[in-house]
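Two complexes, one shared chain (subunit A), two partners (subunit B, subunit C).
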Partner chain A sequence: MAEPVKTVTLTVDGKSVTVPPGTTVLQACEQADSPVPFYCYHPGLSIAGNCRICLVEIEKAPKLQIACYTQAAEGMVVRTASDNVLQGRQDVLEFLLVNHPLDCPVCDQAGECWLQDYYMAYGLYNQKFDEQKVKKSAKAVSIGPTVMLDMERCILCSRCVRFCDEITKTGELGIFNRGDHSELGIHPGKPLDNPYAGNVVDVCPVGALTDKDFRFKCRVWYLGSTSSVCPGCSKGCNIEIHDNRERGQRPHIAQGRRIMRLKPRYNPDVNQWWMCDEGRYGYKFIDENRLTQVQLRDGSGYRAGSWDEALGLLTQTLRRLKDAQQLDRAGVVLSTHLTNEDLYVAKRVFGGFGIRSLAVQPARQGSQDDFLRRADKSPNTRGAQAMGLSFDVKAVLERAARKELSLLWVFGGDLVELAGEAQAKTIADSVDLLVFQGSNVNRTCQLAHMILPSAVYAEKDGTFTNEAGRVQRIRQAVQPLGEAKPEWRVLLDVADRTGFLWEFRDAQGVFGSLASHEAAFKGLSYDVLGDQGAMLPQKGSDPSGKGSDPNR
Partner chain B sequence: MADFEPLRKDAEVILAKYPRKQAAMLPVLCLVQERFGFISDEAEQWTANLLGVSVAHVHEVVTFYTLFHRKPVGKFHVQACSNVSCWLRGSEQCVKQLSERLGISPGQTTADGQFTLSTVECLCACEQAPMCQVNDAYVGPITPELIEQLVTHPEQVAAISTPFRGAPGLVEPVLSKRFSLKDSHLIQTYVRDDGYQMARKAVTELSPAQIIEEVTKSNLRGLGGAGFLTGKKWSFIPRPATAQRAGASGADPSSTDVAGRGIIPPKPHYLVVNADEGEPGTIKDRYILERDPHRLLEGMIIAAHATGCRQAYVYIRGEYAQPTNILQQAVADAYQYGFLGKRIFNSDADFDVTIHRGAGAYICGEETALLESLEGKKGFPRLKPPFPAISGLFGCPTVINNVETLACVPTILQKGGDWFAKLGYGKSGGTRLFSVSGHVNQPGLYEASQGVTLRELIFDYAGGIPEGRHLKAVVPGGLSAKILRADEIDVRMDFDSLLAAGTMAGSAGIIAMDETVCMVRALLYAAKFFAHESCGQCSPCREGTGWIYKIIQRIAGGQGRPHDLDILLAAATNMEGRTICVFADAAAWPVQSYVTKFRDEFSAHLSRPGADPPRCSSCRAESSTPALAHAGSHG
Partner chain C sequence: MATLSDQLLHRIREAHRRRTLSWWERIYLPAIAQGLWVTSVHFWRNLFLHLAHRVGLFRRIPAAVTVQYPDEQRPTAPRLRTRHRLMQREDGTPRCVGCMLCETVCPAKCIYIVPGEHPDPSVEKYARSFDLDLGKCVYCGYCVEVCPEDAIRMDTQRHDIAAFSRDGMWLDIIELLHPGSRKHTDPPKKFIQLELEDFRRLKQSG
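Up next is the complex of A and B:
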């Protein structure tokens, strides 16, 4: 017997809004397009109600009420912009700034500080406070491997404390002393050192907690932001890639590094508001040890080649094998770090040639927990599985070692890691052409006869399929470095040169073809995926996949 | 590293008293401090491991409460009260002399480790002003002879007790009738005087509904200061569908209803006694705890029966060492007599009482802060709703009553609710214990009808103003209450009359100030208190109380600026009504009332360009202002 769905209808700034019971006034105000400001409220944490900036006027209530804690009630009349409310907000803001150092010019939070933002929106008062500020015990102290604390900037909203209590349940942070001597801190014996510590920087609305990795590297107003997905494990946490888009004008910033930081992006079905530190700080490979040039073996060394030359050589090799009906002498090792688009084009192109020795290198296993981190440290194992690709890399490599292959094409993976140093060398010596196509230098590069530079995930469009079967988009944040290209693009060029003609020319087109050729992806498109992804359809289910993710 | 393991056995005895380990936080920290004299990093770590709590949260608690020390203190810890009542009777001089004789400033310890001198906020012994707490003993009024003894023979300094002043207007006092009897605190004398008869009757003859009806009729109101009707409060406690007392059949978790669904056992109900007396100017609960503790226990038994509670916690302020000892003995004796424990009065009912000591935080008098503290956390008031009657201690329905309120209950059952109501005035039933301190000839505790006037209390009961001086102003209901001028004292002391007079009855702590008092300085002491005691949770109060104190400090130091008074009033008004609890309001009221009612006096303290330095005939704009001994900077 289904209960009738009850709702509550209230009026916010003259606008009627209907919400489910249990909705807070703050949420109802957001729904009514009358957002109220807040510091201590965070939708992922318990309600503390201590900052008091979300005061609203509720008819029949004797005084202003905090919107974050008050429940919406039938017939309630809420005002978020009356003189009384605006005055209350301004007063609260003034209190919050009484002991704040106002050191914005040297504060790393400047530009994304909620004190600054709300001061411009609701403050703009003439400061009445003209006393000595409370001196907090320390400035810019390290409270763990990744986070710095400026306690004098802290507004004691307790978001970070609640994060460590409620989300990681590690409890490293506390607010000590009382009154205006209250200070955020750690116990000397227990630093803030947990796999999710970086999130406290995200929840901090002010410049109290800053990220050691990012602080003073780049002013935030120079940052561009691109929606993507963390490639660090099979969880597929949604992220924003923040790049220095002023590189051209300001090459001195962070030694010209392009990617400045990653931030978690809200996805209720995957990572909510959070991401792990492994993922957060795992972006360095984008700008470090990159392969940026086509390189060809020249005696004991390498010489720079061109794509034209490399592709010509590859086409020639493939043609020769085909003409000699020796395509069984070609082997391919793919990677679970490749996008669905890369894997699909590889499957089609190599399959089209009739190459059967093709396998995906299984992912590296790492540490995991019951929150976000997964042992499978690659983003697309599930995508490769969904396309029915083989994972029997061993078979391919054994054939190579037995001199049964004359062409071995390795995507991203490391033969040395896969097969050991001696075996990798044997393989390299046993084939006529060892191609390594990847984004970063690894030990296979020293063995390969041809090195093709790949774009990293931040340099290309595409999709990953996470462990739960959710297909999510990654977007190009920066141009590929040097001559690097997405793998699927290179494979299409090879195909072009060998006479195949494809109907797609961009990632979206590739995905369209993938969705129509691969049953597992049926019905999906970039439009369907949107910003939050969609589940691989199960028979007869809705591809938007709402509600079918077991990790909800 | 210190060895904490020998403490484990005692700690486990403490742990057994609480359904959650964390609730043992304050008593376990006290245990550690008793043994080692202070609480080190390692001690915090040990406590954290013992209680299964993060060490950061243990550190939060240790730094929140003033009675915990992070470094060793002297063998004799002299804590000089420096709140308003003591100030009015010379605490500044007293601290100065102590300082000179001991050769240390407040906050310091002598080189030989003998003495630590601290200034503290109200110890609620205002009738003994100026007073000190020397280790556990309350000592006062402080005289030069006492200071001499303290410095030369500190081990000989003993607690000093002031006699109860009486109930001159009452034929038969309710609360104080046994205060002056010999051995009034002993169970033998209490039983001899027909004690526990009403508890016995309640448990064995009366239904909860009958008790609540009688208490409702009595117009008994919360005498901690809020004045909420006690009968009404008790009626908010959810009643189980089966009216039977738990222990008979209601709590059997294996029983099933007709549909075959398991019945969720009802949550336990808790009775919590607020003995965290802390409102400056208030001394009443201490008298009950020390002089008639069994009356409180009897009231608790009746309240527990009325609200279905089988467990009570008495949260008693940490400074009250002697009252705690007396109450401990009373509880032990009541167990011995079968009034507490299993099957009390040979009935089906069980009732256990646990005494829980606070650790120095005024805010824990706020009922939800008290619950947080009892659960082993910082005393941060909770967001409401839910109210404690629905979800209080450990998330269970909880009745919280003040000591004095509960002490009225046996008499209400004995004489009837109507009799009690008539004893009072208007909608405030019965009598109250009025604490009178400051500039009166006979400071002390008086019992009187709720309808007594402030003038009667000051001039008839407390003997008027010393040395023929004139009354200038009165705080009628504890430091938080708005101040009244001398021409406003013809007001009855019941809750509604004082509310109508623009102030409040509060805790009935009356502080009289004579014509020599500088109101700027008086407000300075009030503001210091609120800045020191703000828990720091809500931004307006946390920042506002400190801001206000700094401004007044500057004005009192002769550095007032023309706009200061307007800023003071704005800061006070801007925090009022904008926080989780009413502490901010309580901090705002003195500012608003002192500045408004004595504006000229405040103006006279402001410096004006080109004019002579400001002058005040009372304080002569003294440049020295009392320092704030903050918890964080505290030993």
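Up next is the complex of A and C:
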């Protein structure tokens, strides 16, 4: 028999809340909408209880108690905003800032610093401390390939230490010495170098740990934020894309690059609070080496073309093949970096033509571990599988090399990597029209007869399906560069010109149609996906879609 | 008691209410005569004084409201601050730490800073490039006010901020650190990024 669910009811600031046993007072306060401030507490780490800023008053307790380590008990009466509590908080803050330098102007954390925030919210005291500050040794020292440490700014909350001990279990960081000589640091000769090191910068509530990649690049108050999903591997970690939203007026920042950094976004079912460094620093391709123009082969070089011209040429070719009943002479290579929407429109449009030589290029394999990183380094293999697309690219390419294709349309992937230099050349010579549609320059660009620029994931709306079958939304953070367009949009334009009529004009519409045509996606919509995504419905579940549980 | 916003609202309504004209004002012609009178007094007075100035008389009474700049300069408030300069450390490197607070606060968005890593960890950050477009500046002085390092200041009583082109109004970091070092015919070195060594050399070469 299942045990009866016990609950605890307590009063927080006059509001009664009911929580499961084992809940801390801090969590209960949050539930009661009376949040208390904290530094060392992190929902993803063990409780240290050393920063002391989460003080609350609990009736019948002689002194103020820390909310993060005290368990809620039946009938407890908690006050989070009494005079005693406010005074306590102020004093704790003053202690934390006793040895703190006046570094905010040069500190990268300024603007998103918890010391600044709490000082403005709970501090505002007149400094009573007029002794000499204890200077710490480490200032702006590198403690690993990605992270800089400033010991003076550290409040010794030990979040970063606990992250390395509990999450990555690598234990690079430690707190050395005692009293006000305590210092955070690394063990001699053992730099902070693990695949998740960047997360310590996120957990550090102050500017003690800063990210070398982001350092001095941009002030945080210039940043805009867009929810998205990391395209770095099939895990599909939830992220926020931070772009320089003032770039119109401040083009000098980071040489005009648009994306400044990525930060993990909380999703309890995928990545919790974390992301790997490969994904974190894998945003550079968004602003580097981009294809921004339609280009057409002209002798041995290329000339700039227009979308109109390119689409005209493509529709002409497709029509000619259709009229000559030669549609089996067209081949398409898709990519697992495309969104579900792109893949679906490709499947419908090319399928509508009757093109059967269509395959998805398998993803690049890379390093993996049992935490977040997956060997499949593409975000949407599962989506392509769920749509029943073939992965037999070899067959398509072999047909091309045997001169059985006159049109080969390659999306994103690199033919040279796929087939080898020699065969890629043969293929380019044997087909009449080799189309490359992608976002970044690669070796296929030198072979293709037509280059179509496409938008990267940060420039379009859509969804990816991660390895577990969770469909998650990506959102447009910035406009496509130059003439680039999302792949599905281009395919719809081709379809339009060849006389198909489509009922949707945005990614949401495409997804709606996808959900109603593809059994695997039944019942899903952007509303159902929300911010945290939803699982693909299981086979044989309620076909009305009610079986898909958005909370899974 | 009326709140402050009520009082404000009341005042705005008052100000917007049209005053009813008196009978004298409504017949209109006297107002025209009055206007003509004011204009003519100025006209004849200026005519007379200009002629008198020509023959060397009444020189101390100005002839018109117009100030004959630059021969004649109006006294301004002693607090007036205009052209910007960047302060230097002893060795000629900028005192600015590239915090970008002035860039952020500037209502005209005419300050452009690219910070770099300073080898001395107690300084940590410095401005590799610092550009200020005086053609856009509204001389509000917020940048001076906000600077935590007292690194940017505005010079007192300078009126001669003029150029023959928009580019001439652009101050690059060299011109900001060493005002007047650029000839007015030379184009500014927009967004030029300097190393600490360059700053020291600039100071030595004067």
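Methods note: the second predicted complex is superposed on the first by the 538 of 552 C-alpha atoms of A that agree within 3 Å, B and C clash if a C-alpha of one lies under 4 Å from a C-alpha of the other, contacts with A are read in each partner's own complex, and residues count from 1 in each chain.
FYI, a contact is a pair of C-beta atoms (placed from the backbone, for glycine too) under 8 Å apart; a residue touches a chain by one contact, two chains touch by 3 or more.
Just so you know, these numbers come straight off a predicted model, no measurement behind them.
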Superposed partners subunit B and subunit C on subunit A - clash or fit:
fit
Identify the partner contact of A:139: answer first if only subunit B is touched, second if only subunit C is, both if each is, neither if none is.
second
Take the Cα centre of subunit A as the vertex and report the angle out to the centres of subunit B and subunit C, nearest 10 degrees.
90
Who wins on subunit A residues touched, subunit B or subunit C?
B
Which holds for A:252: it touches subunit B only (first), subunit C only (second), both, or neither?
second
Which of subunit B and subunit C A:129 touches, first, second, both or neither
first
Just checking: does A:49 make contact with subunit B only, subunit C only, both, or neither of them? Give me first, second, both or neither.
first
Looking at A:189, would you say it contacts subunit B, subunit C, both, or neither? Reply first, second, both or neither.
first
Report for A:322: first if it touches subunit B alone, second if subunit C alone, otherwise both or neither.
neither
Subunit B versus subunit C as contact partner of A:88, first or second or both or neither
first
Superposed on chain A, how close does subunit B come to subunit C by Cα atoms? Whole Å, please.
21
Overlap of the subunit B and subunit C interfaces on subunit A comprises residues none
Touching residues (chain side subunit C, partner subunit A) in the complex
97-101, 103-104, 109, 112-117, 121-125, 129, 131, 148-149, 191
Name, in rising order, each residue of subunit B that touches subunit A in their complex.
41, 44-45, 53-60, 63-64, 361, 378, 383, 531-540, 542-547, 550-551, 554, 561, 563, 567, 570-571, 574-575, 577-580, 630-633
Residues of subunit A touching subunit B in their complex?
47, 49-53, 55, 62-64, 69, 88, 91-92, 94-96, 98-99, 128-132, 134, 137, 155-156, 164-165, 170-183, 185-190
Touching residues on subunit A, where the partner in the complex is subunit C
103-106, 110, 139-141, 215-216, 219, 221, 249-250, 252-253
